[in-house]
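Handing you a structure now.
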Amino acid sequence: MRQRSLVILTSVLTTGALTLTACGSRDDKGGDSNNSGGSTTTLTIGVDAPLSGENSTTGLGIQYGAQIAVDDANKKKLVPGVTFKLKAYDDKAQPATGQSNATAITGDKTAVGAVGPLNSGVAQTMQQVFASANMVQISPSNTAPELTQGKNWQTDKKRPFKTYFRTATTDELQGSFAADYAYNGLKKKTAFVVDDKQTYGAGLAKIFNEKYKEFGGKVVGTDHVNTGDKDFGSLVTKIKNSGADLLYYGGQYDESSLITKQLKDAGVNIPLFGGDGMFASTYIETAGKAAEGDLATAIGVPADTLPAAKQFIETYKAKGYKGDYGAYGAYSYDAATAIINAVKAVADANGGKVPTDINDLRSKVVDAVQKSDFEGISGKVSFDEYGDTTNKQLTVYQVEKGEWKAVKTGTAK
Amino acid sequence: MITMTTTTTTGTPVLEATNVTMRFGGLTAVRSVDFTVNSGEIVGLIGPNGAGKTTFFNCLTGLYVPTEGTVSYKGTVLPPKPHLVTKAGIARTFQNIRLFANMTVLENVLVGRHTRTKEGLWSALLRGPGFKKAERESEERAMELLEFVGLANKRDHLARNLPYGEQRKLEIARALASEPGLLLLDEPTAGMNPQETRATEELVFAIRDKGIAVLLIEHDMRFVFNLCDRVACLVQGEKLVEGTSDVVQSDERVVAAYLGTPFEGVPEDSALDEVEAAEAHSATSTTSVEVEGDQK
Amino acid sequence: MTDTKTTPVTPAPTTRGVLPLPTAAARPLLLAGGIATAASAFLAWTWTAEFPGDLTINGYPGGLQWLTVVAGILTVLFTLASYDIRGLGWLLPARNTAPLVLTALGAFATTWFTIIAISVELGGLANLEPGGWIAAIAAALPLLGALALPQENTGNAKETFKASIAKAEKIPAPAAVSPWIERLVITVVTAIGLGVFTYGIDTEYGELFVGYLITVVFAMWALHTAGLLDRFSRLVAHNRSFTLAMGFVAAIAFPFTQTDDHYANIGVNILIFGTVALGLNIVVGLAGLLDLGYVAFLGVGAYTAALVSGSEFSRFSGVQFPFWASALTGAAASLIFGVLIGAPTLRLRGDYLAIVTLGFGEIFRIAVNNMDGDSGPDITNGPNGIPSIPDLNFLGFNFGQSHDIGGFTLGRFANYYLLMVLIMAIVVLVYTRAADSRIGRSWIAIREDETAATAMGINGFRVKLIAFALGAALAGLAGTVSAHVTYSVVPTPYQFAGSTPPNSAFLLAAVVLGGMGTVAGPLLGAALLYLLPEKLVFLQDKSLLAFGIALILLMRFRPEGVIANRRQQLEFHETGQLDVPEQRIDDTDDTAVSVTKAGA
Amino acid sequence: MNTLPQQLANGLLLGSMYGLIAIGYTMVYGIVQLINFAHGEIFMTGAFGALTVYFYILPDGTPMAVAVPLMLIGGGIVAILIAVGAERFAYRPLRGAPRLAPLITAIGLSLALQEVVRNFYPGADRARAFPGLDATHDLGSITIKDADIFLIVSAVVCMAALAYFVRKSRTGRAMQATAQDPDTAQLMGIDTNRIIVIAFAIGGFFAAVAAVAYGLKYGNVDYRMGFLMGLKAFTAAVLGGIGNIYGAMLGGLVLGIAETLASAYIDEIPGMQQLGGQSWANVWAFCLLIIVLLVRPQGLLGERVADRA
């Protein structure tokens, strides 16, 4: 009797296992069937940014920036017969998670391009995945020069990945533009340079340091802080003792707003000059009146001077999206629009219909993005031979009566 | 002041403690005690609570480093590290049982064999023939010891599940596993009923017959005096007297140390003799709490 | 043994269910309810494909509906077993009602979760098709039946319910079965385990994963109360090596069941995290040394491999070691690091050692982040780390390209997955062999009582140092592979606590949650702690909150870990009386056991 | 201009903040031998409690002299409630469990508290401005803010009160007894659960005081402020001898001063130019801890626990 019950057991259990695996496949089949049947094809654009934990405020700004771009395109029926869907992935600013999101995006048969990530460190692990899937990746915020110009970008530039673009300029331009303005514009002769030991902050501070000395300025001291530090007492005392008349900070607003407050509290009334990582309303809210007179460089022309950008800010507020759109929202909007325009170009070239084979579509979109040239909400959007934005326009802003005011716009040398 | 009665010592000296002194800050727990244990001998160490017996014990086993004096085993001075003392050949049990609660009975004894085996990490990983042979031998030796103490059938029970008496036996088996030349027992019969005490007596005799010298601390006088060839008495950290059981039994300083000196200024009449006789009688019979009659 | 008739203070326990339904009707209701629930899954529950899994097609169940089908079938099977149907006797050895109640609860919970999810996400109950309503009612039937089952009712509903899902006390020992049948059962169970595990990993959307969790938890609970898990663990204990082999065959089969590379990527990350957790298990689980900076050794292994990988960014970019050489150097570097850290600090006790290892973990991360030539010697490129690490090329097999093996395409991550299975096999082998040996016993002895262990001749310091160094080397080994998998090595992941694994806090959680001192425990813990944040992402920014709460609840209800090893189990569940271990199967032992019981 | 006095002042201020938080770690560890990793987050919730009092309860423009005490009370209540709640629902059920289980619960709790504040407190996903006491005074070459004075005064007052409470009051003695040997304390009729709750409450209140001082000094609070400060405070508690309240404050001061001086002057030591600065400061703090523990394994003020055979 024992043997018979075991035979029943095995048959029941194996059928159970088969049904489980079978259903797995059903989903995929189900997904495709209604796809080709219906009139419009759905194409997905992936967004990868930190949506929880550290940097999530700026990360959410990137996600919703791209979301608005996709909604606008669908509303205006930019590409006939195609509706775009945005799928957001949270990389929590961790390289391994970013990479796993990248494989998820490239694995999604309907995905055609990706926006993000926020952090340069995360981009390094993702570039290869998109390259091997031949899918376009546009980052609205990575500024490390190595990502597009290879290891020794000072001496001989060599583009590592054909599929990687970015709508944000590199630190090289931003650093030299800031150094030029600090020395010639503000006539500051001595500077103290501090950075937060992160890819973006350290890179930017290093370039400012070199360019500032080239312009003839004297760097009286350098120091490094950790992200998450709150007490900068010893740094402030060092700066006060060094007698520098300008403090240049490479890093995000979380630390620089604290430094400027503690600096002014200790009676050191020198301005704090930073990069686009600080250019956000949060900086002024946190630092309070200590922020008066501080400066920050940002890419492109001031948002409020462009009508499209004003409309973007209104939609963002109307939809009640969380996160801080100020830092990279506009560049994320332009990155998503660049992908959509590229799909439109590919569809037009293919007689108004989007090619059905996804890999063919993806490689055509990469070439189309390389050739894109349109007026985005953050200024002219087009890419040079390395995938960097040709929009070399930079603006220096200064805090006056609790507001960022544009004081100089120009192109970096 | 110490009366050394010369006893005929047959075997060679196994353990020699010379002038062992232990000071904790101001307090001198043990003051210059000389002590020897010969091979194949059972020696008792008695003394009231707080006399420094366990401290002296810890000096012997390397748990404490004696402030003065040396402890040597079979001629070589012992290093002050407990695990090297065990390697040299002295094994011990603890006053309150310290078994490896969550290991099985067999595993406890196998840990005891640690010093007698040398299979390190590499041989464990490679599992060569040497490793398998050593493990098999260890297990056989351990089972022999468990047989010896009568716990063979409980090899897979967790140590914490054994009743009190058997945990004591397991602790002894574990100590024997390191093939000691000298076994130190710290109050082996504490909390035992008479049958268990008698069983322990037989066990200690059996151990002695295997040629292992035994040094034990005990309060149960009858147990000590039945068992030990020689007994030493420690009071306030000093060795008061050492000699055969009956010499120490009758030494009034030992009696005084335990029962206090008899009350002077009592009229010298027959009543006084009765009292002394009663004291002498009670001194010879066990002073331990259980009086034979009212057994639970 | 006299019958311990307790004279209850409360009135004599009547035998009727929590609900005042006629007890005779209970089981038929359960049976009918189970069949109805399974059938209802074939109807369309909602009209729009908006809700993921497309539950709109009549006649063919979608994503979450499949779970209801499985739960329904389980309820039916257990109810039939309780009717003593000839073939299903083994399913309910003790004929207790607990598994019935639990499977009914499982069916109810899965179905209602789906219904609620549909109405919540699509806004309003209006989105439910009639099929949805039928399913809701059908799922309620078995629950009513279960609550009506005859149960010792002491009046207090809470106690009765607790009693109704309690594990049966006396579970008759199974009849001795020939070994090849045992092996067949283990093979089948492993196949199902792989199927269920793959289904769990392949869940595309969060709701499906939560539904999957509900069904699996209730099913396992039911099997536990039926006593089947204990039987299976005894089966495994009998042929331990066979089960280990089956486990690895299942692990190797996993990538072949995958259509795209994303799930293999998750698989590789789980394996790396699990291997390092198993390494930590030696230090924490066996030797009892609390190490709060363990991820630093993974970092040392990764950075060493990156430096010698020939990537143009590494300082010795000219050098390119073959894989076996870089793996050995990585493990050796971590070993040296482990000895350097261990030697001075291992004399410290318990929590002091914890803070010192925490300190070393932070020192490693800060040092690596600062050594970029600007604020420290340029060894690790500072925050940029060492990017573009080339793929491994091992005996001509280039891990970067995807290969076709017998019709299955193995993507890049599937290749690394198989390599990682090999590494994990080595670590499992090292762990099992070290644990069950002289050195393993000395670790456990040190953990139990260090003074007694030194009295037994164990050199505490040396043995602890070996455990520390071995753990470090194994983590380093896993690190060398993880460097190649993620193309680049940066300092950010190697911190004390963060939002995603691997970091020291999550490693410790995986070991404790999974079950200290066991082999499968840390691996299961690692899989759980990796999948939870990954799958809870549909909660968007609430996912970390849900993860924190999940940690608290898991520790609250299972402090000794999901797979508690036999020793811990007895230690933590302080059962009132002397908990004599379960009866051994062979009869020789019975007489002795009963003797002592009478004697105690 | 010699910066040593100013740097010493900075170190003292930072150290007293570490000390106040470290008290919470030491009290909880002394009584239940639990490393309460969530204590950093209890410090953070105290700050948000004070923030709520200032912005949402007090009418705008209430003078700081009135606002600060009320903020202390508000922050204190929130921190105590969460600390006691954590003990009651997360740690107490695990009393019999293996030693590592409450540790994992604490890690989960700290993650959960951070995320609760980030998700549900208005505007907490970014740093929230905190009312400051920014009037500065110059004493010789040292510039001190009002907030700094508040920090020093509150640290001294709290330490004195705690010392008095632990040594003189009945509950204080009961607490010492429970720390030494909980089982015997229970035999003496001490309700150890009540004592444990009090320990968590005191730890919570001290963290709230530190939180208000933090807010006044740095002018803003955010949901992640508790993580790094908690780690440093725990290091300080161990440095001073875990379980000893004076050790906690001493450990805090030593750690604060060592860290500040290290980041200020290490790069003037020849050969270590690059290793100065704040980014290496934590490394030197941990190195100090490890060296102290090697010399005195029980910390600065901890007493040696002899293990009697």
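As written, the chain order gives the labels A, B, C and D, with residue 1 at the start of each chain.
Just so we're on the same page, a residue touches a chain if its C-beta (ideal position, glycine included) is under 8 Å from a C-beta of that chain, and two chains touch if they have at least 3 such contacts.
Keep in mind that what you see is a predicted model, and the values were worked out from it rather than measured.
Within the contact network of the assembly, the step distance from subunit B to subunit C comes to 1. By number of C-beta pairs in contact, A-C leads over the other of A-C and A-D.
Distance from subunit D peaks, on a Cα-centroid basis, for B.
Closest to the middle of the protein, by Cα centroid, lies chain C.
Note on chain placement: the centre of subunit A and the centre of subunit D lie 37 Å apart, centres being C-alpha means. Rounded to a whole number, the gap between the C-alpha centres of subunit A and subunit B is 75 angstrom. Distance between subunit B and subunit D, defined via averaged C-alpha coordinates, is recorded as 50 Å.
Each of residues 52, 54, 56, 197, 224, 226, 322 in subunit A touches at least two other chains.
Multi-chain contact residues of subunit B (touching two or more other chains): 61, 63, 94.
Touching of two or more other chains is recorded for residues 366, 369-370, 374-375, 451, 455, 499, 541, 544, 568, 571 of subunit C.
Subunit C makes touch with subunit A in their complex at residues 49, 53-54, 57, 60-63, 66, 69-70, 73, 77, 86-90, 175, 177, 181, 184-185, 188-189, 191-192, 195-196, 198-199, 202, 204, 257, 259-262, 265-266, 269, 312-313, 366, 369-370, 372, 374-375, 382-385, 387-388, 400, 412-413, 486-488, 490, 492-493, 498-500, 534, 537, 540-541, 543-544. Against subunit B, the residues of subunit C that register as touching in their complex are 429-430, 433-434, 437-442, 444-445, 448-449, 451-460, 466, 470, 567-568, 570-571, 578-581, 584, 589, 592, 596, 600.
Against subunit C, the residues of subunit A that register as touching in their complex are 1-6, 8-10, 12-14, 16-17, 19-21, 23-24, 26-28, 30-31, 34, 51-54, 56, 60, 88-90, 92-97, 99-100, 103-104, 106-107, 120-121, 124-125, 128, 132, 144, 146, 151, 160, 197-199, 202-203, 206, 224, 226, 322.
Subunit D makes touch with subunit A in their complex at residues 1, 3, 6-7, 10-11, 13-14, 17, 115, 125-127, 129, 132, 134, 136, 143, 145, 214, 218-220, 222, 224-225, 227-229, 260-261, 263-264, 276-282. Those residues of subunit B that touch subunit C in the shared complex are 61, 63, 81-83, 86-87, 92, 94, 98-103, 107, 110-112, 114-115, 117, 119-121, 124-125, 127, 131, 134-135, 138, 153-154, 156-158, 160-161, 163, 174, 178.
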